[in-house]
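Listed below are the structures to be examined.
Paired with chain B in one complex and with chain C in the other, chain A is shared by the two complexes that follow.
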Partner chain A sequence: MNFWEYLHSRRELLLFETWQHASMVLQCVLAALILGVALGVAVYRSPRWSALAAGSAGVLFTIPSLALLGLLITPLGLGVAPSVVALTLYALLPIVRNTIVGLAGVDRTLVDAARGIGMSRAATLARVEFPLAWPVILTGVRVAAQLALGIGAIAAYVSGPGLGEQIFSGLGRLGGANSVNMTLAGTLGIVLLALLFDGCFLLVGRLTTPRGIRD
Partner chain B sequence: MTAPVAERQREGLHAPTARSWRTLLQPAIILAAGLAWMVYIETSSLDSIESRVLAPGYVATKTWEHVQLTLVSTLLVLAIAVPLGVALSRRWARRAAPVVLAFANIGQSAPAIGVVVLLAVLWGVGFWTAIVALVAYGVLPALRNTMVGLRQVDPSLTDAARGIGMPPVTVLRRVELPLAAPVILAGIRTTLVLMVGTASIASFINGGGLGDLVTTGVTTQRTPVLLTGCVLIALLALLIDWLGGVAARLLAPKGL
Partner chain C sequence: MTDAETGSSGIEMINVTKRFPGLSAPAVDDVTLTFPGGEIVVLLGPSGSGKTTTMRLINRLEEPTSGKIVVAGRDALSLDPTELRRHIGYVIQDAGLFPHMTVAANIGLVPKMLKWDKQRISDRVDELLDLVDLPPATFRDRYPRALSGGQRQRVGVARALAADPPVLLMDEPFGALDPLTREHLQDSLLALQERLRKTIVFVTHDIDEALKIGDRIAVLDKGSRIAQYGTPQEILLNPADDYVEQFLGGTSAMRLLTFGRVADVPLEQVVSARPGDDAAELRATLREDGRCGVVLEDGDRPRRWITADELTGVTGPVGERGSPTAPPIRAHDTLQRALEALIQVDRDRVPVVSASGAYRGTVTLATVQAAVRGMRDEADA
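Now for the complex of A and B:
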């Protein structure tokens, strides 16, 4: 069976797994966006807390995904729970870092001007600082999504959902019929999803960046 | 007022020996944590499977295999990515560079596990397949870092170097590479950490390494084995990251 025949004969399963993969990554990245921005907003005014948040995010980042997934089996068991927690944690890191960097990079004079015309701290954050930092935050989200797509494949090892299943079935059938097709389908599916996500983020970036700072 | 501060910062950046105790504190903590974990595991009550897999000799072998996978693949990645990056940033290759970068960006979105398994399915399993897969996965970010590093060198500096009569090779060696060194070295550090993580996947294709403890722990449902693998991989990643940071500081040219 060649690759096209394989794709054709398994199209329903493959589409389902692709959908699962995309939906898992999207949900985890959204959760990480909410948590990460909240965390970033909470710490960005204090250099010490910012350094601590960015530093611990960096340390967590060096921990390999297989190790983290393995560690999560003990408290959470197999399946969706450890995959979602691990994906959200990894997605959190670039988002927290970029939120802090983006908010810290806002020109102080603009913040002073906003305060000077009588805006409250919350209004300054919502109407001046956050829109200006948004492109940087969105870049973080994009990195997070690409990362989560790749780690999502390893999540199949702890029985997580998604295209990783194809890769691990291919590995389990090493040398047998369809092993190359399965692995190739899983890998290329994730590459395609990554391109799709990137395109979406480009679009979202265009639509949500304030007009004044669009390039 | 600012000059002494800048001076002190520069000193801190380039003279890790001056405050060696603080530089050595982090690896000391990491090693102590690893040793403490091993002592705790060896003294706790283990059943026959656990005690066989967690024998100090076996764990040490796996750790050494992991280090080998990481170092060999990183060296190969550098041997490929840095010359290629330099070649692609030459004037005559300017037109190929965006194509290669676009390809690198797409290739990087391929999941590590997919690349590793695909090569194993095509070539068979083992240490060297794992190395080839790790190199294939690690070349792209290192290549991109080299190209970005060389591209951000101020063109007026290379012009000046050429203007005082340096041949292109000397411009590259004495001006461009030193100025690009921080970015390239940061890329090497990222590659090292990436390789530690990806090397743990090598155990799926019989490449050895600490991933073996994780997979054994999962398949035999022995939590202590699983935890030991995870803890040691994480500690090794932190240690290698520290090593990369020290190397970046020592190798970066002074005055930057």
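Now for the complex of A and C:
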């Protein structure tokens, strides 16, 4: 069977796994966005806490994904749970870091002006700091999504959902029938998803960045 | 000072001190200062003297270490700072406009926080844009980055005025502009103030700006120590100490001239004549007078200087004889303007006309000298 015949014969499974992969990544990145922004907002005013938050997210990052997934089997078992937890944790780092960098990078004189005309802390954050930091935060989300797409493949190691199953099965029976086709299909699917996600982020970026600071 | 003296919109700082953690000397050291309602008070001092800190204590962007601050009759320290700031306009260098909001959104921020309805905010935005000479149709939907520095600063002023606060704080608002734009905005501010009569605290380190803008000037030294507090004339005529004198930079006489108007000094009258007057008669008068005369034409406009020598041997009317005068200065011009004109002409005098252009007299260097002496004498008395 050549590659095209393989794709054709397995198209339903492949489409399903692609959908699963995309859906898992999207949900994990969304969860990481909410958690990450909340964490970033909580710490960005204090350099000490900022360093601590970015640092611990960074340490998490150095744990190899395979090891983290393996470690999560004990408390969470196999399947969706450890995959989602691991993906969310990995997606957290770029989002937390960019939230902190973005908020800290807002021109202090603007924050001062906001306070000076009588905006409360919360209003200053919501109406001035957050909108101005948003392009930087969104870049973090984009990086997080790319990251999660790749690491999502490894979730198959703990029987997680998604295209990883193709890659792992292919690599598992290297030399056997369709092994190369499976690996290739899984990899290509992820690359295509990555391109698709990137396109979406570009669009979301354009739609959500205020006109006055768009370039 | 009582409330009646400061007016209901005045500001009082009483024994106010501000220490920043980690700094040995206080940034504001036991300052007592009254800002009368409806006047522009300039805080003038070198960098680091504490001007900004003093101003920011008023709207509580800085909390005083000790002391009392009264804004428009209310104890500022007992109010909610956010609420307090909504009733005090705040303008900073570079305007501090929010780049992600349109001009209209920037100006409408405070009214929106005060829960005005949409229509009222929109009307107010247009009214304010008109007030600061920016046509609303052109500017209301622009973003700050599409404005020049001067336009941005005008929007900054409009934003500060949005909820019609009785008090306006301005921290070097024109500091980043080129001299021409700065002059222009200073004039606009003065014209605005004519109408609005706000209590304005204006921070600058530019002495000329202070003299031009201020009803009163507080000259500040380190720790916001008030070296002198008075009207521009008082400070120019009677510098309180060496520090103030040094700050004025030894050109106070020249600056004093900007406060005297030509109309307020006794003008020197010379013999005036018309083209139809008899030349021989005029020559005799001029000879006796010893100075030159002035020939007036259509509606008393000064046209030519005329001397006895120029009329020697002439019979009949004076006619077109004489040499053209310099462009006249007006009675409401400053003495500085008069001196400027005197330096540039080849005569020792310049004609002065009323607003309608009619001849009023002449100024000479002696006139200007006498005026400065007069101001000094008055101050010493």
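As a working rule, the second predicted complex is superposed on the first by the 215 of 215 C-alpha atoms of A that agree within 3 Å, B and C clash if a C-alpha of one lies under 4 Å from a C-alpha of the other, contacts with A are read in each partner's own complex, and residues count from 1 in each chain.
To be clear about the criterion, a contact is a pair of C-beta atoms (placed from the backbone, for glycine too) under 8 Å apart; a residue touches a chain by one contact, two chains touch by 3 or more.
Please read these numbers as outputs of a predicted model, since none were measured by experiment.
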Would you check which partner chain A:Ile34 touches, where first means chain B only, second means chain C only, and both and neither mean what they say? neither
Per the contact definition in the header, classify A:Leu13: touching chain B only (first), chain C only (second), both, or neither. neither
Of chain C and chain B, partner touching more chain A residues: B
Where does A:Leu203 make contact in the superposed view: on chain B (first), on chain C (second), on both, or on neither? neither
Identify the partner contact of A:Gly170: answer first if only chain B is touched, second if only chain C is, both if each is, neither if none is. first
Touching partner for A:Ile154 - first (chain B), second (chain C), both, neither: first
Which of the two partners, first being chain B and second being chain C, lies in contact with A:Arg211: first, second, both, or neither? second
Classify the contacts of A:Ile190 with the two partner chains as first (chain B alone), second (chain C alone), both, or neither. first
One more residue to check, A:Ala51. First (chain B), second (chain C), both or neither? neither
Would you sort A:Ala42 into first (chain B), second (chain C), both or neither based on which partner it touches? neither
Per the touch rule above, chain A residues touching chain C in the complex are 109-110, 112-120, 123, 127-128, 131-132, 210-213
In the complex, go through chain A and note every residue touching chain B. 59, 62-68, 70-71, 73-74, 146, 149-154, 157-158, 164, 167-168, 170-171, 174-175, 179-180, 183-184, 186-187, 190-191, 194-195, 198
Which stretch or stretches of chain C touch chain A in the complex? 59, 61, 82-87, 90, 92, 94, 96-102, 109-110, 113, 143-145, 159-160, 169
Okay, in this complex, where on chain B does chain A touch? 106, 108-115, 117-118, 120-122, 125, 193, 196-198, 200-201, 204-205, 211, 214, 217-218, 223, 226-227, 229-231, 233-234, 237-238, 241
